[in-house]
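Chain nomenclature is as follows: A, B, C, D and E, assigned in order of appearance, with residue numbering initiated at 1 for each chain independently.
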Amino acid sequence: MAGLSISSVTKRFGETEVLKGVTLDVADAEFVSLVGPSGCGKSTLLRIIAGLEDPTSGDIAIDGKAVTGTRAADRNLSMVFQSYALYPHLTVAENIAVPLRMRSLSAVQRLPLIGPFLPGAKEQRSEIATAVQSATEMLEIGPLLDRKPGQLSGGQRQRVALGRALVRDPAAFLLDEPLSNLDAKLRVQTRAEIAQLHRRLKATFIYVTHDQVEAMTMSDRIAVMMGGEILQCDAPSVIYEDPSNIRVAEFIGSPKINILPVELANTEMTLFGRVLGYITEAAQAGIYQLGLRPEALKLTQAAPVVTGTVAHMENLGSEVYAQIALANQTSRVTLRAAPAERRNLRLGAEVGLGFSLKDGLIFDADGKRQRRVEVAVTHEREVA
Amino acid sequence: EDKVIIEFAYPYSHLFDVTYEAMMPAFKEAHPNIEVKFRATYESYEDGTNTVLREAVSGNLPDVTMQGLNRQAPLVDKGIAQSLEPFIAAESDFEKDGYHQAMLSLSTFDNAVYGLPFSISLPVGYYNVDILKEGGITELPQTWDDVIAACKTMTANGIDNPIFWGWNITGNWFMQALLWSQDKAIVDNGKVTMDSPEALVALEQMQEIFTECEMKNLEWKAALASFSAGEIGMMFWSTSALGAVERSQGDFELVTGPFPGLEGAPKGLPAGGNAAMLTSTSEDPAVREAAWTWLKYITSGDGAAEVAKTTGYMPPNKAANEIILADFYEQNPNKQTAVDQLPLLRDWLAYPGDNGLAITQVIYDGIERIVTGDATDMEELQEELVEEIADLLPNG
Amino acid sequence: MTRDIWKHLILILGAIIVLAPFYMMLSYSFKSPGEIDRGTGGFFGAQEMMVDPRCVKLRDPNRDEIAAAAPQYPGRSDSEIRNAIMAQAEIDCSTRPVVFNYTKAFIEAPLLRYLLNGLIVTASIFFIQVLVALPAAYALAKLKFWGREAVFGLVLFCLLIPVHAIALPLYIMLAKVGLTNTYVALVVPWTISVFGIFLMRQFFMTVPDDLIDAARMDGMTELAIVWRVMLPTAIPALLAFAIFSIVAHWNDYFWPRIVVTGSRDLFTPPLGLREFKGDADGSFFGPMMATATIIVMPLIVAFLVAQRRFIEGITLSGMK
Amino acid sequence: MAEIDASIAARKPQEVNRQARTAWGLATPALALMFLILLVPVVVAGVLSFTNYSLGNSGFDWVGFKNFDRLFSRSTYEKMFIATFTYVVVVVPISVALGLGAALLVNSLGRIGDVYKTIYFLPVMATLLAMAIVWEFMLHPTIGVINQTFEMSCGTILEVIPFLANGCADGFPLWLGDRDYAIWVLCFIGIWQGFGFNMVLYLAGLTAVHRELYHAAEMDGAKSAWERFRLVTWPALGPTTVFVVTISCIRAFQVFDTVEAFWPQGGGPNKSTYVMMFAIFEKGVQQNLIGIGSAITMLFLVFVMFLTLIQRWLVERKVHYG
Amino acid sequence: MAGLSISSVTKRFGETEVLKGVTLDVADAEFVSLVGPSGCGKSTLLRIIAGLEDPTSGDIAIDGKAVTGTRAADRNLSMVFQSYALYPHLTVAENIAVPLRMRSLSAVQRLPLIGPFLPGAKEQRSEIATAVQSATEMLEIGPLLDRKPGQLSGGQRQRVALGRALVRDPAAFLLDEPLSNLDAKLRVQTRAEIAQLHRRLKATFIYVTHDQVEAMTMSDRIAVMMGGEILQCDAPSVIYEDPSNIRVAEFIGSPKINILPVELANTEMTLFGRVLGYITEAAQAGIYQLGLRPEALKLTQAAPVVTGTVAHMENLGSEVYAQIALANQTSRVTLRAAPAERRNLRLGAEVGLGFSLKDGLIFDADGKRQRRVEVAVTHEREVA
């Protein structure tokens, strides 16, 4: 149980600088998700925390103690590898038991022939067996205990890798996309199990994922990483609702946030030449970007802010995403609608869209969030 | 009671194991307080010498060792083998034990005896009577010219392989045989006499035999097999191989005959075989005495008799004849041939200096060039050999 | 299927060439000396009775013995008596060649003892070699450290050193500490196998790094990684090494003959062959081949057992 | 900034030390033994190569480079180089290729392949001393099976082959006693004895090939076995091949046992098989000329090291590990 | 361009029967997604179609021709492996070029040294280079062309694997979870590219995925596989809205469908003793199961059908999932709500739930969909 502190860690592979000074403090028992585009350096950061890779510069501290120079085996961390890295010669049960055997049995007790007969070994072995048993049951791989990794499906391998990490009680867990190959049902279930484990063990978690649902639902904080830097690290709702950067806003949320160009001149904010409102405080005039989540857009017949035609529809069953090609513009916006609204959203149908400006996020031309720009709304156009 | 243990090593287990096994009971009875520990046998004479040299450096020499006759000199030079004179002096009736004087001289260096010969062999001719008959030969050849003539007759009569001549026997044995035939020692006064006219005669004689008889360059195992299989008419070789040849002899009549000479019978022939040398490093006089007792036992009387009976070698000691039957050789006429040649017995000489073995190799290579037809001009070859040997001699 | 037939054809042709000498060896181990030298008798030989010369020679009577035996042969001359004794001896000493060859192998050369020595020596050598070589191979393959290239270069250099060239200094070193003519002398010079280091290093190079990292996370020390991760995943390579090491030292003729100059009790199996070697005085090929056949048998059995463990594609199957 | 730099500077060596310490720790037993058992004797040999030491002598003289000088001036040594090179150049490529070929064929046959595997490995397992005797019998010019087999072809259609025609007319080669054939016989036996071992190494290497890669290759349209070999097998066998080639080369340079078994005296007809290792043995052991033997050893080492370096440089660049 | 027909394919690995008779017809140019729990046999089925594994029984036909005994290389299919199976010694560019080189260059043209100088080779090589170029640009791995797979991140490897499959124009594409390691943004983008490729090439696709959004949005039909069988194969909306089996209904949709026990006696349907409606046609009396999607449940104050307390909340930013523990019952239901409703959904808050019975799916005790049970609704309780 320990906090982690990562200070200005950089990492180069030859010419390429993969991490460009990452600083992150993770409190004891905190669950931090690490999200970011593929190749941004998440796995590398994890490996550096684990001590498997040396940072080019910067320091890692676990529980306040600098661990530079401490071997991975001595950092007492547990990790799921993106590539699983199962021991090919061991069965599922043995794979999962390895970290326990390594840490709880003495070298003598581990000996193949005499080991089992040493004093104390028997109890410990049965303890290990119990732990393995409960881990495999939780991950629904109970019937596979005697298989070798080569005889497992992709998802089963991933679960074994997860089991091997979760069976212990380390200072912190480092999980690198541990659920990517699981089906939705199992994923939800495992997510819940991990969350529960987190609560029970009060362990620190660093959790790399591409699944925003996972990140949003499990984390205390989400760290959004891009191009080797952490752009923002905040509570999930803050990340979603109050991103400090347009790249964070664009990255989080699916479908992607709609970005519309707005202009600020004097105190007027205009979209496609149409005044949206007046700003209360003076701000630099110029082109700004207005971010609107798909759920912020509403279909409306009466006095729509923008109009367009339905260009594309995606029906997820529980909801519908519609892409609307804006009239007289090249850009499209995406709208999230309830299945019931499908009848209004036939392809090619003309629709009007409205939104409440308070749901909008304003960024400057560089993508920096402009929190100071407060808009006094002139005409509300919400639909019921 | 005090048991004295001595260690003893010898070459060629399958030839001599039986010899020692046969003599052990009598020895044990005669000397119950001496225990002879047999060391691992030497694989060959060369191996024997090398092993002793190594053991001399590392300090675990056996008490008594059997060495090839031509390998004694280096061991004496290097001070590893010890003079037997003190022991001989202490024996009242040593001469009576009846060593052939010639044999004793094989192991005498600077007038001191360093070894006692144990088993002696001489070059002889092995003849496949059936092939000779088929080839139209009825008389055993007496000179090399006879041999060559016989070859030609046989070849003319459709015999493919008339002859094998054992030039490749270790230590330039046959080269020395041709030189001794002319009563010339290959080492004289510390000089190798390869530059003598006799040497040239020897080389030319070899060339004649090899080419005129169209002799194939066989390796010795192949030669022995060929002869045993009845493929070769005449084989000139050591008597010691008689056992092996008889063992695997095919369905033909085998006789041995005296070694041919250049003109008439040879004037001398080199002795093959091995001699027992004292190499004990023990300070304990009891051990040394026991070693001498053993050494004497195996080379005389009862011991020597077993050599005659169990091997193709001749016993080193006349006393053997008292123990085996007088008509032993009548019953084993093929073994008789070598005995007949005993008067011709001469030293199998070692070349002087550290490079002695290298000189052996130089001459071996030279002869091989004759067999393979690589060297045709014998004078030239002689010159080359002389030059190379000069290079290798201690003061050369 | 036709593809396979074509493969079988090639392989069988190769097998014939490879096997021919073994066929001969086995055949010789059955035959009498004459049949061997003459190349007759087919595969199994005619198995006509043959005389064991050693047995006969040991019964060759001396003059005294003939005198002692004289009463049994009244009225015969000494040489007739000798003839009679020898005739009886020849009858008593007759055996079938196959029996002769194999009994010689086991009795004249105490082959069982030699085989046991061989087992002790090869097993100890292999055990120590693995113990020493694997950690080094692992360090060379998977750890980054200053001087790694130099160490590897040294390994390669040592690979070049021919045993024959260093045998003498080694022998003297061992003699100086009084170890010649001991098992230790047979084992110690081979405890380091640069061959093994090189071989295992090459195979360790192909083990994925993630696997090693996983082991580190699981709390294994580097030494534990060697035995618990690298070794099992490189089992085929280890088997290849085992085969090499065991074959080489089981069959080694050169070194044992240098250090074992004392009692024959320390002979390793191939030295048993020398019992029948006579060079220019003629060797005893039948028992020699019987010995050779017996020597190679344990290796064949071991190989058959080992090759079951050549499992396919073990290394990467736990990886994505 | 300065602080950070200082901390980097302070930490870096310590961290490198950690891996290095473990690594050296793991390698130390091997290194210690290597020094004691291999390098010390080599140094001793190196020293002796400047002397005229002979076993049993109480001392020795320094002779400078005389021993080395000798090596280059005698025609025997020229033959030594020719024999050694011929052997290496013939045996290495063929035994590697045959080993690889056999491994691939055997591997593709599954369980039945085990039979061939065992058969091909037999020559590696057999005691050379005994096998040499068998070969001598087989190669016997008249009663050996080989020439007898050739003789059977006499008078048949096979006689159109020049080799057989010559043999039927003038007798078949003496093989071991024939200076034109001896080296080839030696090569043949070297290959016969060695390729099985290469096969086993390659079989071990093949187990490290990810099976899924073959599937990927199939999907990518690699139809012929050759294409799959080029695309998947060969690159995956890179590390094995480096090993096999290096070892085969070194073993070929060190060929000795066969020569000693066949031609214990002199190194073959007209020294046609007088390979380097035999020369070392002949001088250093047989003739007890430790100085010259050591000199040849030194030359041998320098020489083979040089070639190994070149070869590694050529091969290693192209090999992909893991 | 070809249809696929899989008829009663079974597969055993030793004792375990992995596929238990799978029959599936895929029309030419159809896009079929294969979904199902981890370990149900999806990859195995794909490998059998590809010809990499022999079925224990059953047949595969491509384009009407049985391909039993045809080698994988001759079936002209393209596949993404779940484990990527990249050639470790080739660069990214070379990896992607392999299928083109294998199929468009002759053996001679591929020779390393002389190959490039043969007639025609140059054009073909540049064609290949162009194809590789466009594939890598589409997948955003352009800058990595010269790297070896070992130097890539997990997601980058997956994209290379995808590139290698998509660069060709085969009879059919078999993609085994090709996007599992990509971030949401890239995933959406790649999804769109694949959909576009599908339209452009009119190729047949069999697409294994765990991501329901992918399955729902891309497919013409979704095949739901479980325990080695295909339970249902239908258009996405049918699968979601009209599943024929409770296992399908439970598997598809996240959060999971809520299942409530209802009783049918005479013509009355009751839930927890409360009459929900009357059935028009006679049906067997007994216990049935009523499936209600989370979005079918509505928060209501007025006359709720069931009441409960909020037990757990998950905020995804764009929407909220609330788990409601039903009053006097052990079971929980999940509710999907808009972010705006969050204020009503504090943990522990008492809430009332209503739903429209026509949104409910009725299954019998064995989980079979009961389509014949038509309910005449007595009291509608929808909320505005």
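Going forward, a residue touches a chain if its C-beta (ideal position, glycine included) is under 8 Å from a C-beta of that chain, and two chains touch if they have at least 3 such contacts.
Note that the structure is predicted; figures quoted are calculated from it, not measured.
Enquirer: Where is the C-beta contact count highest, in terms of which two chains?
Expert: C-D
Enquirer: Can you name the chain whose C-alpha mean lies closest to the mean of all the C-alpha atoms?
Expert: The chain sitting closest to the overall C-alpha centre is D.
Enquirer: Averaging each chain's C-alpha atoms to get its centre, pick out the one most distant from chain E.
Expert: Comparing chain centres, B lies farthest from chain E.
Enquirer: Please tell me the distance, in whole Å, between the geometric centres of chain A and chain B computed from their C-alpha atoms.
Expert: Computed from C-alpha means, the inter-chain centre distance equals 93 Å.
Enquirer: Quick check: how many Å separate the C-alpha centres of chain B and chain C?
Expert: 33
Enquirer: Need the CA-centroid distance for the pair chain A / chain C, whole Å please.
Expert: Once rounded, the distance between the two centres reads 62 Å.
Enquirer: For chain E, write out the residues touching at least two other chains, lowest number first.
Expert: 82-83, 154 - these are the residues of chain E that touch more than one other chain.
Enquirer: Give me the residues of chain B that touch two or more other chains.
Expert: 44, 54, 57, 170, 221, 225, 229
Enquirer: Which residue numbers or ranges of chain D touch two or more of the other chains?
Expert: Within chain D, residues 55, 133, 137, 140, 143, 210, 212, 236, 285, 322 contact more than one other chain.
Enquirer: Contact residues on chain C for chain E in the complex?
Expert: Residues 319-320.
Enquirer: Give the list of chain E residues in touch with chain D in this complex.
Expert: Touch list, chain E to chain D: 47, 50-52, 71-74, 76-79, 81, 83, 85-90, 98-99, 102-103, 107, 148, 150, 164-165.
Enquirer: State the interface residues of chain E toward chain A in the complex, per the touch definition above.
Expert: Against chain A, chain E makes touches at 13, 35-39, 42-44, 82-83, 151-156, 158-159, 176-177, 180-188, 210-213, 216-217, 236-237, 239-241, 250-256, 293-295, 314-319, 336, 338-339.
Enquirer: What does chain C use to touch chain A in their complex?
Expert: So the residues of chain C in touch with chain A come to 208, 210-211, 213-221, 224, 229, 232-233, 235, 313-320.
Enquirer: Name, in rising order, each residue of chain C that touches chain D in their complex.
Expert: Against chain D, chain C makes touches at 4, 7-8, 10-11, 14-15, 17-22, 24-25, 28, 36-39, 131-133, 135-136, 138-140, 143-148, 151, 154-162, 164-170, 173, 188-189, 191-192, 194-195, 197-199, 202-203, 205-209, 222-223, 226, 236-237, 239-240, 243-244, 247, 251, 253-254, 269-270, 273, 283, 285, 288-289, 291-292, 295-296, 299-300, 303-304, 307, 310-317.
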